[in-house]
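Next come two complexes built around chain A: one with chain B, the other with chain C.
== the complex of A and B ==
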């Protein structure tokens, strides 16, 4: 699957052509390690040194997509990326089996779980501010969550979707995407479980991020 | 999206009843239930082949290893 999509140039606010694809390979994982990770680590260090509030210092500086290479062959997992301007702009790993809803009336209903979602560091405003640079693109995370909802629909899960949000991303999932905060999960570093019901997912796809 | 192939599946009455019950409980089509089963079977099979173990924990927190052939 390769689908043309639009993201937004942060400087001009103009739409930019990008590509959403599911043919993710180990080359993309290596690109995150070589191109993204050093920038995330550098920004995190600067933020800590300058006394930035803990809740905006990135928590994903240690992520290593290359460790997920074996998962590329597992049907229960799927990977989706976004590229623009010859570079990877966002990457996501989904679990499509073995997860179910935690909202009371959704319990036991299977859903797609966003295991990892990362946008390139140059698309994350606080990181670029820490480095004295401008953010490059906006709407990459939103396009990935839309793709995750479509995957849920394709799996027959009716748009049901869930994830454990890093503290730095909670406002995005709750306020921008409109997911429900179900509760903190002691089994997952006390991260917040956020969930879309079918109705919320349909609204998100129809009306977009707010 | 990958193109899909069609296959015919023969089930006993009991197997069909279980499939229909799961379909109703999980709010999933019968096809989606079987795709879920395949995904889980492959996942477990790969993890076991890598040396992993699969356990069920009961309410008394006692663990029983599940053998998958």
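== the complex of A and C ==
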């Protein structure tokens, strides 16, 4: 699947062409290792040096996709990427089996679970500010979540979606996407379980969270 | 996908370049803690394997670093530090050079989890059998060849 989409060039605030694809390969993992990681590490160092509060220093900069490489062949998982300007702008891994809702009235109902999602560091404002640069593209996270909701619809899960948000990302999932904060999960480092009901997912797709 | 321009611009402004990450270091740390006791013997086997394979080809560490296009410091860490986890690219380069299946070498380097008991036993046996000496002994040479055969055949 390769779908032309638009994301936003942050300098001009204008939509630009991008591509959403599911043919993620080991080379994409290598690209995140080689192109993304050094930028995140450099920015994180600057943030620490400048005395940024620990809770806003990126906690994911040690992440690599190595452990995900073997998952490429497992059908219950979907990998989706966004590319623009010849570069990878975002990557996501979805699980489409074995997960169910935790909101009281959604309990036991199957959903799509976002196991991993990350955008390129040049699309994250705090990182670019630390490096004295401007962010490049916007709405990459939104497009990935949109694709995740559409995957949930395709799977017959009616748009139900859930994820464990990192602390630094909670604002995006709660305020921007409009997901429900169900609760901290002691089994997952006390991360916040965020969930879309079918109604919230539909609202996100059509109207936005506000 | 939504083609409405206003929707997209509104979403971009709301997103405002904030962090959106899901998964990451927390998971990685959790997994590392779970598997660290199993990974160290593997890494030791990886270190010894690389050292013997290099010496078998009569290459210095510097020469090997050039041949596989990997930072010399990283090769040094691999051969001398059991706690060190090499990058996926480095293992990929080494696997290509030594003509060893990449996934097997990644497992040995502690980059992929392996539940195969036979694989674990072979790694442990190899690590225990190969002792560092200046020149490869017949025993080391046999151990190395036997292990290369094991990695390539399975």
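To be clear about the criterion, the second predicted complex is superposed on the first by the 207 of 210 C-alpha atoms of A that agree within 3 Å, B and C clash if a C-alpha of one lies under 4 Å from a C-alpha of the other, contacts with A are read in each partner's own complex, and residues count from 1 in each chain.
In this text, a residue touches a chain if its C-beta (ideal position, glycine included) is under 8 Å from a C-beta of that chain, and two chains touch if they have at least 3 such contacts.
A quick note: this is a predicted structure, and the numbers were derived from the prediction, not measured.
*Asks:* Which partner chains sit in contact with A:20 here, chain B, chain C, both or neither? Use first/second/both/neither.
*Replies:* In the superposition, A:20 contacts chain C only.
*Asks:* Applying the touch criterion given at the start, work out whether A:10 contacts chain B, chain C, both or neither, answering first, second, both or neither.
*Replies:* In the superposition, A:10 contacts chain C only.
*Asks:* Using the touch definition from the top, say if A:116 reaches chain B (first), chain C (second), both or neither.
*Replies:* second
*Asks:* Which partner does A:139 reach: the first (chain B), the second (chain C), both, or neither?
*Replies:* Touch partner of A:139: chain C, not chain B.
*Asks:* Could you say whether A:124 touches chain B, chain C, both of them, or neither, answering first, second, both or neither?
*Replies:* second
*Asks:* In this superposed model, does chain C or chain B come into contact with more residues of chain A?
*Replies:* Larger number of chain A residues touched: C.
*Asks:* Quick check on the superposed pair: does A:164 touch chain B, chain C, both, or neither? Answer first, second, both or neither.
*Replies:* second
*Asks:* Between chain B (first) and chain C (second), which does A:191 come into contact with in this model arrangement: first, second, both, or neither?
*Replies:* A:191 contacts chain C only, not chain B.
*Asks:* Please indicate which partner A:154 is in contact with in the superposed arrangement: first for chain B, second for chain C, both, or neither.
*Replies:* first
*Asks:* Touching chain B in one complex and chain C in the other: list those residues of chain A.
*Replies:* Residues common to the chain A contacts of chain C and of chain B are 70, listed in rising order.
*Asks:* Within their complex, state which residues of chain A touch chain B.
*Replies:* Where chain A meets chain B, its residues are 1, 70, 73-76, 96-98, 108-110, 154-158.
*Asks:* Under the stated contact criterion, what part of chain B meets chain A in this complex?
*Replies:* 1-2, 25-29, 31-32, 35-36, 38-40, 42-43, 46, 50
*Asks:* Going by the contact rule at the top, pick out the chain A residues touching chain C in the complex.
*Replies:* 3, 5-8, 10, 13, 15, 20, 29-30, 33-34, 58-67, 69-70, 93, 114-119, 123-126, 128, 135, 138-144, 146-147, 150, 163-166, 168-169, 171-173, 175-176, 188-189, 191, 205, 208-210
*Asks:* Would you pull the chain C residues touching chain A in the complex into a rising list?
*Replies:* Against chain A, the touching part of chain C is residues 1-3, 5, 7-31, 87-89, 92, 103, 106, 111-113.
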